[in-house]
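Encoded as structure tokens, here's the structure I'll be asking about.
Chain nomenclature is as follows: A, B, C and D, assigned in order of appearance, with residue numbering initiated at 1 for each chain independently.
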């Protein structure tokens, strides 16, 4: 089993990969971007890719989902949640006063800014292409800085000294990652599943979102995420990127999606997979498999 | 073929019966009430019953539908529309001034009242148990009145003299009648069909009607009649008596009713049958049989 | 105070009238029809009319509501519920075997038919224009029958002998009556009120009923009765006759009706009045007067 | 007039600022981050801030909207759209073969990657904290690279040589920027306006989004953007970030928001402002100001 992922080694994405089932024995192949990681699956250089999707502080990064579906026609087969926490590291023990320069990715820097202003008021910031690259940059003959802000994983992998832990300004943040693979058998339902779809807004249908949501409502399907997204480069037309509670194997999910297919036939299915939080679904009696079976039997009895 | 109907001979109901296919050769059996006509079908004394349902002036008379469904477990297999027009008749020609007394059913009298006040200001009204009974009552040794208000059919059947035609105060009224028979094969879809159902309001579900209507809306099914009706003898709980456009053989109708069955499993199907007005249905592309088939095929492709 | 009502004296309608506040001291004026009773209010021959509307066995008799609104432009100011129970009466005590003929209105006869078949198998039925007229018809020189089926009230008023009580085939039936008067101040809200409206289906708006109901739903207004009714003489166009829980003085009711006025400007208001069953309304917090006031204050704060 | 903006000088954000009315004469104050730009308004160091919101390729960057509303309690008073196009620049003319190293922001690099692989296959990538910083970094004694990828504006400001234009892999991308200021008078309606709100999902209300959208639907208000966003640090609870067509001064917008305030009282109003695309709104007759006025007048007439 070979996994590509958004590298370099030591990113939060690699931490997410390590949470996937069977990851211990898998070969891990870092890629330089989300698109590159996905392309490795396309080209059969990897069996699956692990890429970041969403962050509980920053909301959706649904560009990744677009890439999974549109550019690569892959399906999501698993998700993982990774707590976002930063460490300040150096090649050897030193006091914070001794840190004159700090390397990290711009986004990482933004997330520890308050801590840095209070604790490293005089340190110069040096941008790096990723937090892991910053950590790697401390090694070698010409280190890029005295210290780096990075994920705990890369600090451990490189044997760096941790000068400070949990330095993020907002504690408790979580980032969501998915595993994408070529379309194949959908993972079995577990009773705690999610389904991801892209639904183009039906043309010339004002109130099109209501029409879509009514199919979820009449089938007792809850959404756990929705975002409108531009379909192209004008600002006008858009589609909805949606995560549902439930699995395509359940009749309530299948009926809702079949109904939406009728009004928006270009709907794309991106996968049904176990929820990372393993939160079981409360399925109301009227949308249970039994209720669907009873209704079908009744209709059948009328027709014959 | 034997038809029972709300008699006596010469009623608007018999006129409706005569519009049913094959009525010419059928045996026509008058009954003294709607329930009696339906009971004759129960007891195999008749193959089907023709009974009045709705009047374009007076709205629904849905008690008949309750009887068809609840008391008798019959299905509707056809409908007919009959224009409501009245004649003033006597056993021999006479002027209006000579008419000192007029017999008819109370409801018939109410519908010609303005005409009568203008044209028969001094005539005494005598109640009869039906307009046809009034016409019959003119014959024999002791006529019940000088003249009767009745349907054209009975005047013709009895050879009575028509003193005045179209004497109804409201012109253009139409009454709807249905043919009820024991459950059997549903009539074939014609492209211009109706389906009648009774839907108990789901218990403890405020907004239950909205839930029901959403199933019609998401499946592109229009209603042509709705009435809330008390289910019993308290004024609290009720059900909806509904006529839909479309036939149970159409997937859009079947899916809507299956969805409602899940939230209100005691729903009753009273029949799919050709519309008397033969008005063809405009079925939108997204609820056509093709759209349903394409959606099912898509779901199937995802699951396998 | 003068009340017209659907007579003659002794009808269920007079029984309903006697339940209206202040009825004891009112002058009671019987009319020969619902329309005649309403016309007396139009002509200032009466201050208000009491007429039947609905029957828990037979459902709505909404023709009366049409008359109240369209023909007469009256408002409903009160409602009353009267249990429907029948007595068999005669001018003197006699056994059932001695009853050879029975007079009553056709509808009354239909409601005691099973009892009559069991207990008066040989009695001849004689139609009367009302159950009260049947009772009156027992008196005088040429009685119309040996006995009459009528309401308890008229038996009492005329001092007739009751041969049998509660002879109705369906026990527990209740009929609803309303008091209609010229438009004037709306009765004060009591916390247990109803509002009656007529809403023409907006032209060329498939799904028009859903649009109407959404205004009720978003404002937390429940319906307690709905009927589609033909607007004219073709079977095509129709309006909805609806009873709501709540009073026009409540913002939730006013907002719902204002919203519907925008899509169906010919909506007619027939009155807000206390519920006969005095069942208090459970108003959810989000549609309470406080919630409306807070929302208005918030909008006002944004605009200034 | 003083504007803060996401700097340094020469960013797309400064280009957006220059599109704001009166920008020519305004003092422009670069800030190191979105939050820093917003804080300058808080502290009265600037009258307004210009910050990026949305990108037609990447979708919403709604973290900025959270900051505008939650952390800073500012309102949006204008928006601007800026085409995203990149140039490759150097301090002096040179051929592409001579470019051995290229500096830019990671995100900028991602957007020109295909072009760079084809045209600068051997150039080393050097991360910078922004595309403008990369351009500035070419100047001075120790240039950070041979060339930089940046916005046309900064190239012009610094007098750099343009080696290649429109090198972005995806052409036609547009980024959306807003101007945020302390709450004050809402800009006048122009007939082509947008309103931005944050709506917490009402607690314990499954189907809460449908309830919210029904208030838009019944008031004829279209959304042009919707995103669900986590409210905190767990993945469970969330709110909706929404852009509406229309202005708070319009009754249809005010009524929709007032209705939502009742079910989600913590709704936040982030501003009504002219649309950058100046696309006029088609307001249906039933939600016009006239329709609202007529409905209010009708309700008033019933109550008095």
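Methods note: a residue touches a chain if its C-beta (ideal position, glycine included) is under 8 Å from a C-beta of that chain, and two chains touch if they have at least 3 such contacts.
None of the values given here were measured: they were computed from a predicted structure.
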What is the distance, in whole Å, between the centres of subunit A and subunit B, each centre taken as the mean of its C-alpha atoms? 60
So how far apart, in whole Å, are subunit A and subunit D when each is placed at the average of its C-alpha atoms? 23
Residue numbers in subunit A touching two or more further chains are 214, 217
Chain-level touch network, classified as line, ring, star, complete or other: ring
For this structure, enumerate the chain pairs that meet the touch criterion. A-B, A-D, B-C, C-D
For the complex, which residues does subunit C have touching subunit B? 33, 35, 56-60, 62-63, 81, 105-106, 109-110, 113, 125, 127-130, 133, 170-174, 176, 206-207, 209-210, 213-214, 217, 222-230, 232-235, 277
Considering only the defined contacts, which subunit C positions touch subunit D in the complex? 186, 211, 214-215, 217-219, 248-249, 254-255, 257-259, 261-263, 265, 269, 286-287, 291-292, 294-296, 298-299, 302-303
